[in-house]
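Step one of this worksheet: look at the structure below.
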Amino acid sequence: MIPNILTLLVFLPLLGALIVLTIPNEHKNVIRSIAGITSFVTLIISIIVWSNFNRGLSGMQFAENYTWIDLGFVSFNYELGVDGLSMPLLVLTTIVTFLAVVASVTIKDRVKEYFVWMLILLTGMLGVFVALDMFLFFLFFELTLIPMFFIIGIWGGKEREYAAFKFLIYTGLGSALMLIAFFAMFYQGAMASGQPTLNFLALAEIYGNPAYAGMISNAFKAGLFLTLFIAFAVKLPIFPFHTWLPDAHVQAPTAASMILAGVLLKMGAYGLLRVGFGILPDQAANFAYLIAILGVVNIIYGALLALVQKDLKKLVAYSSISHMGIVLLGAASFTTSGMQGAIFQLVSHGFIAALLFFMVGAIYERTHTRMIEELGGLSKTIPILAGFLLAAAMASVGLPGMSGFVSEFLAFMGIFWASPDVIPAAKTIAVIAALGIILTAAYLLWAMQRTTFGQLHQSHAHLEDARPIEYVPMVCLLGLIILIGVYPAILGDVINTTVIDIVSKIGG
Amino acid sequence: MDLDLYLNSYVYVIIFLLLGIALPVGGLTFGKLLRPHNPYPDKLVPYESGILPTGDAQVRFSVAYYIVALEFVIFDVETVFLYPWAVALDHLGWFGINAMLIFIVVLGLGLAYSWKKKVLEWN
Amino acid sequence: MDLVNMIIYAVTVLGLLLGAVTYAILFERKVIGYMQVRIGPNRHGPWGLLQTIADVMKLLMKEDIIPSQADRKIFMIAPIIAFAPAYMVLAVISWSENIYAADLNIGVLYFIGISSITTIGVLMGGWSSNNKYSLMGAMRAVAQMVSYEIPLVLAIIGVVILAGSLNLRDIVFAQQDLGVWFIIPQFLGFVIYMIAAIAELNRSPFDLPEAESELVSGYHTEYSGFRMAFFMLAEYVYAIAIAALATTLFLGGWLGPVLPGIVWFLLKMCLFMFIWFWLRATLPRVRVDQLMSFGWKVLIPLALLNIVITAVIKVWMG
Amino acid sequence: MTAFNADWSLMTPEIVLAVLALTVFTIDFTTGIRGKKPFIGTLSVISLLVTIVLVVIFNQTPGTIGSTFVVDPFAMLFKIVILLGVALVIVNSMSYLDKHDDMYQGEFYSLLLFAALGAMLMVSSADLITLFIGLEILSISSYCLAGFRKHQAKSTEAALKYVILGGTASAFILYGMSFMYGLTGSTSLLEIGAAMPTLYAQYPFLIMMSLFFMVAGLGFKISIVPFHMWAPDVYEGAPTPITGFLTAVSKVAGFAIMIRILAVGFGGIYDQWYFVIAVIAALTMIVGNTVALVQTNIKRLMAYSGIAQAGYLLVPLAALLNIHISLSMIVYYAFAYVFMTLGAFAIISYVTEKENDEEISSFAGLYRRSPFLAHSMTVFLVSMAGLPITAGFVGKVYIFLGVMTSQMVWLAVIMIVTSTISFFYYFGIIKQMYMRAPKEEDSMLKAPTSISLIVTISLIGTFGLALFANMLTNYMNGLNWIIL
Amino acid sequence: MRMVPITLYLALAAILFCIGLYGVLTRRHLVIVLVSVELMLNAVNINLVAFSSIGPFANITGQVFTLFVITVAAAEAAVGLAILIALYRNRKSIDVIKQDLMRW
């Protein structure tokens, strides 16, 4: 094993970014290949980590721990580690990013800058998933803002600046809340235990230790959890904090949309699970009902809005909101299967949304329109692209044999069998949520019906079908979707131990 | 006792002040009884060598005046430091000399500077 | 009871002062007359002794004209502001060992501080007249007075160092103790003081502000009658005050053999007055640029040098 | 008399700087008043560097000169910040002065050196008189510098506003000080501090009033709300490097004495006033950040940003923390602040001069015209916004952590929400640089060496302070900051 | 002789200070504004001197302070006037209201 492999993983893209910086602007292909190689190597490393990951352990693996900034009363540490929760997301990140980099061949303008930001973004995202110190986590979390701002703002659509600023401010405010919650948590933890620490695991122990329960009131914990929940809800995004998402997704360039939907949203979910559920499981259980309801609202609300969208990309964006509801639902159930479903959904949606956005991007590149009514009959001119689009939509709907089915199934099962102590009307919720899934099927199928089939638009008669390079993301993503769909254990055995660990904390 | 003397001295000052004001006021009031009072416009015209004055007299002056005023303000205030120092020199000894030498050198530099900037030249 | 005595003293000083000014003017005219081989005033009274009194009477009965364009209030109070300080500074002069009024421990500072107010009176008079000559005269007067105030003040510091006090009486006593008048150890200071004092007083050869060949009558061109008289009075009172100060600082005040202190004091003052009249009769007027640069470039550096030398010697000697 | 046998070597850096400043001044006027004098600029920078070294050498061991002049780590660190800041300002000014023949070069540099001297004196003083003298040396030099482009109406107007309000502020400070003196019979902060608790019990009203006057006056100097109204005007009118000087150096120095007065003089009655400071800090952050949103002039924008930053710097003072921890935060942020602000100002002064336009739009398309400047500016702006991985981020999180542990959550919330709002205007500049086309195509900017030098130093500072923050924080941990 | 109570001096200083502040805030002529600032500083001087001679802890320090205040006031006035002249040359006016090149 390579020592400090996580550090290598996180900072390799940054190194790549530095190398890209030294290359003159003109050598666009060199820049592209370096970026591609960097992200590919990162992917390989993440797979090495994945394969060396000990499935039987619930704790942190590949841990690294150094003191970074010693402030006297507390220190900001450089602490990394992965467990079953972060492991799949880590790999998801590297895969989606690599594919996004590949998909970025369409970027023709200011290539160097673009890839520099892309690689910095990758570092930020990876950092979020491996950081165990609150400060470090926050640092990486914030670090993702800047590249995304640039990518949306420079290479985005017509309303790119507006979207970029909206993204920046919304998620910035979210992070602000997060920081408040983090430090309040730190302070109370330090007061109670006498050990000032910013480490997630140490804090989880302090907050879970009944000896300190007297010092840490339930009301405080409840407030803390709600703050954290709102903070991550912005990123996730949860109704009513979601309004930045459609703008950002629609305006972002294809690759950025892939990453946004594929990874950035997962950071919110990850944070919620890692901090909210990980440190304050009892509060999570207390609020499970609320979370579940919000999850249902997300599903239905996202689906309803998706139903009325005329813009295909917006439709996909709203479908993301809808699908994130499933994550909430699964997590809120506090059953092993529900939690598994949530994590499955994170990964699965990461791939599906990435594929969907890629397809929409690829079609837009050819037809120069995203309006559903202006598209139509694409299967006649570009059958392959249309086929993949359809496949992605099917995956999104939750067709059996694809990853979406597995995750939705697990999540619904979880919520259905949720303990009535945790969620009183679990079955009703499950039923309503299931209705949402029907809505999902409705809008996606309807949209597909109008785009891939139907009347071919005159100007779209002669379009170029998939280019070789485009097969890479398409095939990889679809392959992964199907792989998880038919062989869920590949994911399941990584996450199981951790999931059981989380769920057991509240005795569920 | 000391304080009495001290305050008495200032009573003197006030008496002198009042007298200094009373004399001109009194003189002028008394003079009113004696002097004629017969103004007419031509008499009240400002004197300008016998011809009618042109323009307002309260014009702006050459900037040199301002600069002299500024220089004066600075130097005059610097002397404020020299007086207490001069009185206390007995107690200060060489320390005082050194301190004031520094002060005077800086002051002298300032003077040299304004000299060089031709502030001290009159047009 | 005290207060009555004080007032009596002050009134006496004022009366004597007016008399002194009256005859100082006559003295000046006579001195200059003889120097120019003229007789000077000789019609009123024997030897012209009533000449000035006649002048004052005349001025008293002259019409008081306030120009229509003048700034009335300022125009009216300007002479008062010019006169009062010149008279006030006399409060601290100790005429002899026993004849003195205010025994201020900051006498020198008081003198310098109050006497500068005269400048403001001059400026107010010149400005409020709304006359070009007046204004020019006032500006010149002010520029000159402020420029020479610095060497004047700096020159006195030498004396203060030697005496170790700002009290005018203590300064005289210090000269008594030292056994020598400060004019000897402070000769450089004395010279600077004399030159600066003449310029302060706007007296010849530094009488540019009222150079009659250029500016009619300077800042009080528009003044007539008794108001003008007060400007004149202020000038002479100020001259007397400066002479008194010089006497105290450099010539040992009332010190002197045989004769009573006050006589010595007055004699020394008369000497200064005489020197000023003498200079007026002999020296031509300097040019304005010479005047300014002389003050700043020669007198101030010299005065600073004088301070340094004096201080070093004083500390050296213990 | 302690002044006679005091250990004057403690003052070596100040004395040396004074001598060097006077030397620079003398060389300047003996070589003729006008003309370009790059060597004087170089000499000034060298003087400052020499002084920094001397500060490091001579201020290591704490000591006092007759309880008026103290040398302690607090003073030392602030001196280093100040001197570093002034050195950067001078380097920045060198290229600025090159383009403006109407400015006297030598005077400019010597005034800056005197200002640095005043600031040094100020942060080392433990006596109201010394403190006031230092403050005024700094202020008066600043007034002159603000109006240095005397043929430009804006510059003189700025200077005049500065003089009048600065003078008023001085009067406020002095009025407060006069009561402190009157009630304690001493101008020594140490003695005032010792007497404070009993004094407060006797005359609570007078003490609070004098505190109010001092805070108001010092608040003027460091432009905290509601005493900030002068700042934007002055900053806009002043020559750009001087704007940098005022926002960075002058403000940091003002902070230092405010802290000294509050901590040493009024430390005993901390409970009585911390809340006022907290409210002021909150207002400062809110007003600074929100009004900055509507600015179109880059210098005004930076002025409001500076006001907001002053609010952040004020926060640790208001938080009920151990004074040593508060000071660590303030010093850390001061370092970060100086680097990022002066780096930004170097670029601002260069770009606005080139464009002859101080609107934000003059930055349009900078990425194409000078990638280096655009990227560096981005770093500085990001740092000011408090985003990773910059010194501003670490500093802000540090302060934030502190204020959270003091349980003034409302203040923390205001701090972080307003800094999120600040993204709007900081990224607005970034938007201009990267997302807007330059006014004329192919108008490449070639930054002169001096600008590149400052920018590089500031970049190193901004990143270095973040990545190797430990070097500074380890030093600061357990320091005995202030001689109490 | 009876002493003048210190409160009277303080009241005088306070009044002067307020007059000065009022002048700074309301007067339009810049010279008067500068003079008002000086007035405020002089109020401080009165305070200091009063405390120095009849304050609860009377000592000489206050007078020393006063000297410094006077000096600084002079320097400030000098700089202020110099700037005023420069401004007048640029704008041909020293009216506060007209100094409005910069507004927020």
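Read from first to last, the chains carry the letters A, B, C, D and E; within each, the first residue is number 1.
We adopt the following convention: contacts are C-beta pairs under 8 Å (C-beta built on N, C-alpha and C of every residue); 3 or more make two chains touch, one makes a residue touch a chain.
All values derive from a computational prediction rather than experimental measurement.
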Subassemblies held together by touching, subunit D left out: A | B, C, E
item	value
Labels of chains that are neighbours to subunit A and to subunit E	D
Chain located farthest away, centre of subunit D as origin (C-alpha)	C
Remotest chain, subunit E as reference, centres from CA atoms	A
Most central chain, judged by mean C-alpha position against the global CA mean	D
More contacts between chains, A-D or B-E	A-D
Subunit A and subunit D, separation of their C-alpha mean positions in angstrom	43
Inter-chain centre distance, subunit B versus subunit C - centres from mean C-alpha coordinates, in Å	13
Distance between chain centroids, defined by C-alpha means - subunit C, subunit D (Å)	52
Distance between chain centroids, defined by C-alpha means - subunit B, subunit D (Å)	40
Multi-chain contact residues (two or more partners), subunit B	69, 76
Every chain pair meeting the contact rule	A-D, B-C, B-D, B-E, D-E
Contacting residues of subunit B [partner subunit C, same complex]	5-6, 8-13, 15-17, 19-21, 23-25, 27-28, 30-32, 34-39, 41, 43-49, 53, 56-59, 61, 64-65, 68-69, 71-72, 75-76, 79, 82-83, 86-87, 89-90, 93-94, 96-97, 100-101, 104, 107-108, 111, 114-115, 120-123
Complex contact set, residues of subunit D against subunit A	324-325, 328, 367, 382, 387-389, 393-394, 397-398, 400-401, 404-405, 407, 409, 412-413, 416-417, 419-421, 423-424, 427, 430-431, 434-435, 469-470, 473-474, 476-478
List of subunit C residues in touch with subunit B within their complex	2-3, 6-7, 9-11, 13-14, 60-70, 79-80, 83-88, 90-91, 101-105, 108-110, 127, 129-135, 139, 142-143, 146-147, 149-150, 153-154, 157, 160-161, 164-166, 216, 221-222, 225-227, 229-230, 288-289, 291-293, 296-297, 300-301, 304, 307-308, 311-312, 314-315
Residue ranges of subunit D touching subunit B (in the complex, touch as defined)	3-4, 22, 25-26, 29-30, 33
Subunit B to subunit D touching residues, read off their complex	95, 106, 109, 112-113, 116-117
